[in-house]
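One chain, subunit A, appears in both complexes that follow, with subunit B as partner in the first and subunit C in the second.
And now, the complex of A and B:
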């Protein structure tokens, strides 16, 4: 019923003048009343001391009209309240009517969505498992090769150290100690090295 | 030369409430004051019996302050209320000798009670439209359409619904 009235008022809209969009602000048409003179221009001399005479109200007319106006306004207020309540009731009914429907639809959609989601999850899990397996294998291989390499290197170092130790032991026998000192000095003094040799171009002894 | 009056007309010919109060003992507690406009406008008696007046003595024109008094407006006693219009230069003090005569409320100070009916029939065209709407929706349209009137409950509104008498 209220929607009908709204439609009727909308049908009459063509009678109302349409103001340009620049004057519309927050769905309210704003018009400035001062058309010709700007606001900072002072009042004209003829209008400076203008005082409006109050409209004459006839006593009998007022006495006759006032109760009629009171009755009219009371009824209009009651009508407005009636329409307000009717509108609210309609709105409540509409909500109640559509409440269940939406909930049911949502429920069905939810179940479907859950099913789809489950399938996706399964697929993702499968792919994930495969990937993880591959990665694990790869890791293990790398680990194995590392270990192998390490072992080899350890072996090498071991042999090297052993040889070094052997060499050192060997050479330690030839060390000059406090006991050998006198003997060695005597030996050196007795020996004589001859530097009279020739070199070739590639610094080789001739 | 013809005299030309300029400017606004003074509607008030009296003193402010606080001006009067400042010349009285206890700032006019217990005294009777009226507004000249009430005397001129309404045939019924209207006055205030002051209970407390607090003028703002920092105001040189004695326009500011607060006041409370028992309000008798157009023959109806509305009880002790705050006086909002103390700043208007419209007040008149009733001398103590004339108080009893002035405050006597006679038959002609009584106003008729306005009783408003609780319900009123709907406007006929609207009723027809609503009934048509009900029929369209398949609902029962035999019940008569009755508009419940609503009266604002305030001290200024003397009208009463017939159900609340």
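And now, the complex of A and C:
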């Protein structure tokens, strides 16, 4: 039931789309056919029970028209088909005609494009080589400076170590060994350090 | 499934020009939902419905383009079908025959009335 209603409303909606926008209603199930009068004006008294009589079709006219209409429609259908085919054939011809021309054009254009491409490639190669050469030179310079710096640093460390070794060698002569241990002990024992400075009136050692 | 008839969106029809009491039409092709005076895709001819001094209603049609648009599945409106039928481009529309028969009938009746009047007068 519900689906039927929906279908009916959709059908009416389709009908409404044919009417001017002023007649489009929010409730799509109601189709207004009052073009001139507002909704609340009642049907006029004279038209209250009026039913329009359908236009009479004369039998002889109908008999005359029926075969003519049939023939007309079939003929029109045939003509339409013919024109359709003609259009298609024309289109095909146009394509065939332009294809050959395009192929030739393409070939010429392809050769031109290749030439342009070759020139471009050469230019690119030249620029690249220049760039690489510059980069290499720069790299070498940096490397040279690095080496120089390293050499200087090495020199400095070398001199430092040498002086350190010499100093230590010099100081090693004064080291206490097993041989002169007793002497040193004696020396230490002999040396007296007096810490009683504070007790004297004139702050003298002796 | 309901059978839905194919409806072309193109229509060859008349577009009204001219002014008050002087109609003049262009035969144009345009989308069928467009208003009468909407922008046409192409003008295919003209139609002057008012007889000139030689009692002629002048029509000019570009048949090649009409062929093209018919090949594009354009529909034709009734008046244009009528015109093209009379041109000899399409088969004559049945309503033309109908109109002719009715006119002939009217003429015959008028003649009969005339004869009767003449007889009664004499």
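In the analysis below, the second predicted complex is superposed on the first by the 108 of 206 C-alpha atoms of A that agree within 3 Å, B and C clash if a C-alpha of one lies under 4 Å from a C-alpha of the other, contacts with A are read in each partner's own complex, and residues count from 1 in each chain.
Here, a contact is a pair of C-beta atoms (placed from the backbone, for glycine too) under 8 Å apart; a residue touches a chain by one contact, two chains touch by 3 or more.
All of these numbers come straight from a predicted model, not from anything done at the bench.
Asker: One more residue to check, A:65. First (subunit B), second (subunit C), both or neither?
Answerer: second
Asker: Just subunit B (first), just subunit C (second), both, or neither: which does A:87 touch?
Answerer: second
Asker: Check the residue A:156 against both partner chains and state whether it touches subunit B (first), subunit C (second), both, or neither.
Answerer: Neither partner.
Asker: Looking at subunit A, does subunit C or subunit B touch more of its residues?
Answerer: C
Asker: Figure out whether A:76 sits in contact with subunit B (first) or subunit C (second), or with both, or with neither.
Answerer: A:76: touches subunit C, not subunit B.
Asker: Return first, second, both or neither, reflecting whether A:49 touches subunit B, subunit C, both chains, or no partner chain.
Answerer: In the superposition, A:49 contacts subunit B only.
Asker: Taking the stated contact definition, name every residue in subunit A that is touched by subunit B in one complex and by subunit C in the other, in rising order.
Answerer: 75, 79
Asker: So in the complex, which bits of subunit B are touching subunit A?
Answerer: 6-9, 114, 116, 120, 123, 126, 129-130, 133, 147-151, 159
Asker: Touching residues of subunit A toward subunit C in the complex: what are they?
Answerer: Interface residues on subunit A, with respect to subunit C: 61, 64-65, 68-69, 71-72, 75-76, 79-80, 83-88.
Asker: Which stretch or stretches of subunit C touch subunit A in the complex?
Answerer: For subunit C paired with subunit A, touching residues are 67-68, 70-73, 90-94, 97-98, 101.
Asker: Where on subunit A does subunit B make contact in their complex?
Answerer: 1, 4, 49, 51, 67, 70, 74-75, 77-79, 81-82
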